[in-house]
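Which chain is which? They are A, B, C, D, E and F, in the order written, and residues in each are numbered from 1.
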Amino acid sequence: MTTSNDLLVVTSSPHVHSPDSVPNAMRDVLIALVPALLAGLYFFRLPALAVIAACVASAYAAEIICLRVMKKPQTGEASAIITGLLLAFCIPPHLPVWMAVLGSVFSIVIAKHLFGGLGQNIFNPALIGRAFLLASFPVAMTSWSRPLDGVTTATPLSIMKEATGQALPSLSELFLGNVSGSIAETSALAILLGGAYLLYRGHIDWRIPGSFLGTVFILMSIAGWVKGAGFWYPFFHLFAGGLLLGAFFMATDWVTTPVTKLGRIIFGVGCGSLVVLIRLKGGYPEGVAYSILLMNLVTPLIDRYTRARVFGRVKSHA
Amino acid sequence: MQEYFIIIISAVLINNIVLSQFLGICPFLGVSKKLSASLGMGGAVSFVLVLAGALTWTVQTYILNPFKIGYLQTIAFILIIAALVQFVEMAMRKYSPPLYKALGIYLPLITTNCAVLGVAIINIKKEYTFGKVMVHSLSHAAGFTLALVLMSGIRERLEDADIPESMRGTPIALVVAALMSMAFLGFSGLI
Amino acid sequence: MLVAVVTLACLGAIFGIVLGFAAKRFAVEVDPRVEELIRVMPGANCGACGMPGCAAFAEAITMGTVKPSACSPGGASLYEKIAAIMGTEVSAYEERQVAQLLCQGDNVHTKMLYRYEGLSDCHVALANFKGPKACKFGCVMQGSCSRVCQFGAIQMGVNGLPVVDYYRCTACNKCVVECPLQLYKLVGVSRLVHVRCVNTEKGKDAKANCATACIKCKICEKNCPEDAVHVVATGDGTVALIDYEKCTNCGICAVKCPTKSIDKIMPLSEEVILEVGETPVPGCTRCGVCPPL
Amino acid sequence: MREIFKLSLFLLLVAGISGAGLSYVNDLTGPLIEKQILQKKIDSFKEVYPQADKVENESAAWLKAPYDPSLKEVNIAYRSGAPVGVLYAVETKGYSGPISTLVGFDIATTKLTAIKVLSQRETPGLGAKAKESAFQDRYKDKNSAVPLEVSKTAPTRENQIQAITASTITSKAVTKGVNAAREHFTANFGKGKLP
Amino acid sequence: MKKATFRGGIHLDGHKELTSGLETVVAHIPDRVYIPLSQHIGAPCVPLVVVGDQVKKGQKIGASKGFVSAPIHASVSGTVVAIELMEHPGGSFVPCIIIENDRKEEWAESVIPHRDPASLTPDELRAIILEAGIVGKGGATFPSHVKYAPVEGKIVDTVILNGVECEPYLTTDHRLMLERSDKIVAGLGYIMRAVGCERGIIAVEENKMDAVAVMEKAAAEAKNITIVVLKEKYPQGSEKQLIYACTGREVPVGGLPLAVGVIVNNVGTASALARAVELGIPFIGRNVTVSGPGIRNPANYRVRIGTLFSELIKQSGGYVGEVEKIIAGGPMMGKTVFTDNLPVVKGTSGIIIFTKEENRHSKEFACVRCAKCIDVCPAYLEPTSLVRLAKRKAWEDAERMDAMSCIECSSCVYVCPAQIPLIQHIRRAKQAILAAKARPQG
Amino acid sequence: MSLMSEFSKGIIKENPLLRLMLGCCPALAITTSVENGLGMGAAFTGVLIASNMAISAMRKIIPENVRIPVYVVIIASFVTMTDQLMHAFTPALYDSLGIFIPLIVVNCIILGRAEAFANKNPIIPAIIDAVGMGIGFTLALVLVSSFREVLGAGTFLGIQVLPESAPAILMILPPGGFITLGCLLGLMNKLQKKAA
């Protein structure tokens, strides 16, 4: 035998594996986030760069330290970077850097590693970070600035909600991202590009963004009709705020969303309904983060009650 | 009608009895390990909460208030609740053994549960009418059950999670509760 | 003042009557000893006693359907406590037992057929040509026993074999049941000499596969001053076996055994023999919540 | 049965004794408590309408259906027997619960004298700032004829109230209550309409 | 036309081009054959010969009284030199009859062609199939006569021949369909006769259109036999999935294809069966693919049962690279063996050699709940949930979640980005569930 | 057991909140400021001492079957008295503790001490036990509330200790309560394991 005096290997089948792996998938998500990153940097310049760098660096550092302290092997995948990046994407560009760092560390330590690390957390870490920051520093977290020149102004959604009389941005401005808001939520175009890449790579299931956005669209169409607002109204809600970012990158996080197909549709519809509820009736102009967190909460129950019928468990035989 | 609606939304979602009023934490932490137990506890608490709401309101309105002995509220209520729980347990065992089997073991835990007394006191504080007392008690019961059921779903999933040794059990449950109540902040400002 | 007194008195009376009825009409006979017993149980709810948990065990004791010694984690000190509660004499002293591993074929002494890269589970490993070792009787070294021991008494050693920590072992029998090769035996802690091989093949075959296998040479048998060790027929062949009743721990057989498949261990410190592994499950506060709920 | 009777009797006894004890303590503290509540009320009235020497709750007379449900009380402030001011207790829904506010008007000038937030459950550090005089003072001396508005930036018009930073909801709630009181005031006590 | 298939499953890189274009070659007949006494599911055989006996080719040398069992036959003529324990590609040690080849190639007297195969009754057909030791060649090695035995109250209306061959690297069935289409069609006819049904289907995946053409030609005469072309997807060859793809019927949990009136056989089984019925020749040889990156000249061989793997490897030019794995069967379902010193048995469809290169994997992570395993599971299970239960030894819960329905296709492991060996945990659970069942109640 | 250990066990080893997980509701609800924590602790300790004393004094005459209702009545009486006294003399504190004063009635610790200790021991040890438990509970409340007040409001007992913009308001909101208690318990577990 030519096997260099080594013993042969005996394992269980299969002996081939798809090239898919956790590090590869995380890398793909990072790639998908690049357009949004570029758009964010273009519109919000240096302050955005500082916040992004701070979030990503502190998230990654927190991850490494957590693993070390808990005496677990370093995993060498990029999920913490995704968390940091996504957190940075959904906070205001002018947030003081120390707050961003705090949020990032909270995400990784409390929302992820206290639960056992990658794959075991219940809540979306990035969104927990955002919710933490919003509840902790509401003043700083609700001070927005205009793209490019950084003048303080309201976001399209708060203009809408509070009817302050300011002019609403046009749909095309919303689509391209030339409006105030979180670092990378403003450009619908960039996010759609990234989302399309993730769908193409098979990392996310169309069911979640589909049912999420579909629900918002339908409910907002009805609301717009009731208000007599015209056909732009649902589109305004689709492109304004963090809806697209949330639907493509956060409601699709594997770890914190249902695993069954029906469950994913329920999840998306739930998120969509909650967003509409909060945007129209709630205390906040925007509700994407909370809606996803609330649905994260229900995910274990959704999974439990939406199990697929096993092949061969046909009704007559059940 | 709208008033009732507001009471319901407020009690279930916004001022959830466990997540934002901090009542009934003990059973929330103690009986949320299994979904089935949560449902049982939720059922038992709902039952007692509504009955106690009705009784305490009656006693307050027709005895304590007319005789101007409002200061006996605490002691009167706790006696009513304790007797009620005992009575319910007894009646249940006699007339519906299956129900007793399902809820019975949770009943004794309820006497020393702040939720029941707390809601009874809030009912009076808010000067609700009888109808509102019923709706209010029922909504809080629903809020309690909701929180408990969500929690147990999560805890069942956490059962095999690789949680740091010293955080297992109650500590992580508290952290989950923290994040839950953070998510519930999203409901604030509703109505 | 009067109103207050009367109201409260009425409430008190009503409560009393309700309670009285409850106590009378629906009285359930609860043996107070059960609760006391539960309090002294180790609280591991390990099931070693064959009951669904400590509470069930306590109840069974009051009904006399089990012997206190069935609870191995509790050990001697528990028997005393039980005896005190039940008002009986501590019956004959029962020695604490520990699990002994019956294989020494680690990855240095035993020939390997292949590199096993499948799941670390002894049952699964056995499905592939009965495990990676050439010896088909010995430990497959995937550590199922170590994972099943609630008390952390089994760790996987450097040479691949599990190592039992006699101080922690509570003789709960879990490993005995778990090991697919039946390589554990519960033996009194005072027993120091053990045959650590269950290979029943002919001496030549056994030796070809493992340097520390029992080769049926009967040297132990010939040298034992107490007639306590014999090569006996088991399964398809024979293997040496110690009669612990007769063995005096002299260890001559261990010295003489050419393959050192008989092993004499150091005695455990005196208090450990008597004082039983009292630590229940790590982190268990004996709150009593887990078994019924 | 005898047993039950005995037990009940014991409980009755204990409960009776404790009832006695309680009512004793109540007799002791009751007046103190009442005095305190009264004092608090008087203090609030003083803050909102300092010139009064007597304040009467005349809600029954003034709150005739239909009226804005935010209005809870109408108190008339007297000075040397003549009505000089109106003090409204209003309650509106804030960010995390009801906010009750006392709003004072001067009959002579028809101006808002002052407001005082009596109770609220808003977020400490945010909405809870409504209790601080920095915010309450923004309402001082406003004209009762024009509806008040909340603005997020420094006010540019006379009828604008600058919101507490990041607490628009609270600010709006307070203002809503003030406006309810203001409407009632202009309708009933406006120029020339003396009680 | 939209081609039929089943729900779930995965797309694999087939690597079939290595051998699919190569004519099947006859393997060297070895000097010694090693014939295991157990080559089928069911009771093992007891030897009918002793050391020193002379045997002829096709002579029955082992048999069992068990109903689910199949006899074994000498694949060469010669002398029985030993009967001893040997490694078996199934992952166990089995007694083997070792025959020294005298190279006379003498047929046994029992091998006589049947004069008029068309007139045989179902009972006679089953008797012939039993005698010839025909077992399924699709992998399960289930004795075929048992499959055809009538069952009270069950009517078979369709026989499906499985020409799917969805495992990567393997091309024996593909080549067989190209080279022996007439035998396959004839075999299908006998099976339909044996079970008394009117509809025959030969299922082929769309990646073997050349075979489809050949088969269609061969079956042109037979009106009640159709060739069904299926989408290419693993594990379409699994019978429950195949039945679903071809007929839309779902075999109930725990049930046999018979429950929905279908019988499935491998195409190779049909050809072997035809040979047995027409010529009286028992199951003494089969086609084997030798392939993989670790072999110099991949090829398809016609092999005598009992030939050692090492002989075929030698004929293929030996190993290349640092060989780490020898797989008996395909890389998705096949078992690794630890030596090449073991015989080809009735169930050996391929020998795949992998080197260090193919045995590299990324690190194992905790489950990231990507649900890819759930999406691909052709049995609609939740592999990740089953694993959670198995890790906790919650066997009853696992059973309630239908762990027993897992067909062990490994699709879930293939796609799992966290590299969790799901199937091994599930197998452990199945083992434990079966063990619990076997234990007497109480 | 000596009186000293009777006293000290409640502070660390059997700390009602941090080791026995009793009385979580008030510990979460009123710990937004150290002042509240102290106030609640004091009220609680007062009730505990009084009820332990009363029950210990009456332990010989309370019939076995109605002992729990009797305890409840006794405890409820003391709670009501405390409630009224606080209303009369510390109105601000009374307002901020809200319904959690009457809820002391259902605090399992008090009933637990009555059952486990007071009805078996003479008055002096019963008082000592109550003082120890009360101080233990108060300390725990102060610990939790210190974290929350400093991090959430930037003050300690009302004195500004962090810059104006720094405090994370979350900490004095409900989630902050849960998270502080959760992490504190985790820490206690860790320390205990180290010690063992």
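By definition in this document, contacts are C-beta pairs under 8 Å (C-beta built on N, C-alpha and C of every residue); 3 or more make two chains touch, one makes a residue touch a chain.
None of the values given here were measured: they were computed from a predicted structure.
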item	value
Centroid-based (C-alpha) most distant chain relative to chain F	E
Of all other chains, the one whose Cα centre sits farthest from chain B	E
Chains most often in contact, by C-beta pairs	A-E
Chain centre separation in whole Å, for chain F relative to chain A (CA means)	42
Whole-Å gap separating chain D and chain F, where each centre is the average of the chain's CA atoms	34
Between chain D and chain C, distance of the C-alpha-averaged centres to the nearest whole Å	71
Touching two or more other chains - residues of chain F	65-66, 69, 73, 76-77, 80, 84, 167, 169-170, 173, 175, 179, 189
Residue list for chain A, restricted to those that touch at least two other chains	6-12, 110, 116-117, 120, 132, 135, 138, 283
Chain D residues counted as touching two or more neighbouring chains	3, 7, 10-11, 14-15, 18-19, 22-23, 26, 30, 95, 123, 126, 169
Pairs of chains found to touch, sorted by chain label	A-B, A-C, A-D, A-E, A-F, B-C, B-D, B-E, B-F, C-D, C-E, C-F, D-F
Partner chain B, residues of chain A touching it in the complex	70, 72, 110-111, 113-117, 120, 122-123, 128, 131-132, 135, 274, 277-278, 281-284, 287, 289-291, 293-294, 296-298, 300-301, 304
Complex contact set, residues of chain B against chain E	159-160, 162
Chain A residues within the chain C interface of the complex	6-12
Chain C residues touching chain D - in the complex, by the definition given at the top	1, 4-13, 15-17, 19-21, 23-24
Contact footprint of chain F on chain B as seen in their complex	19-26, 29, 71-75, 78-79, 82, 111-114, 117-118, 121-122, 125, 164-167, 170-175, 177-179, 181-182, 185
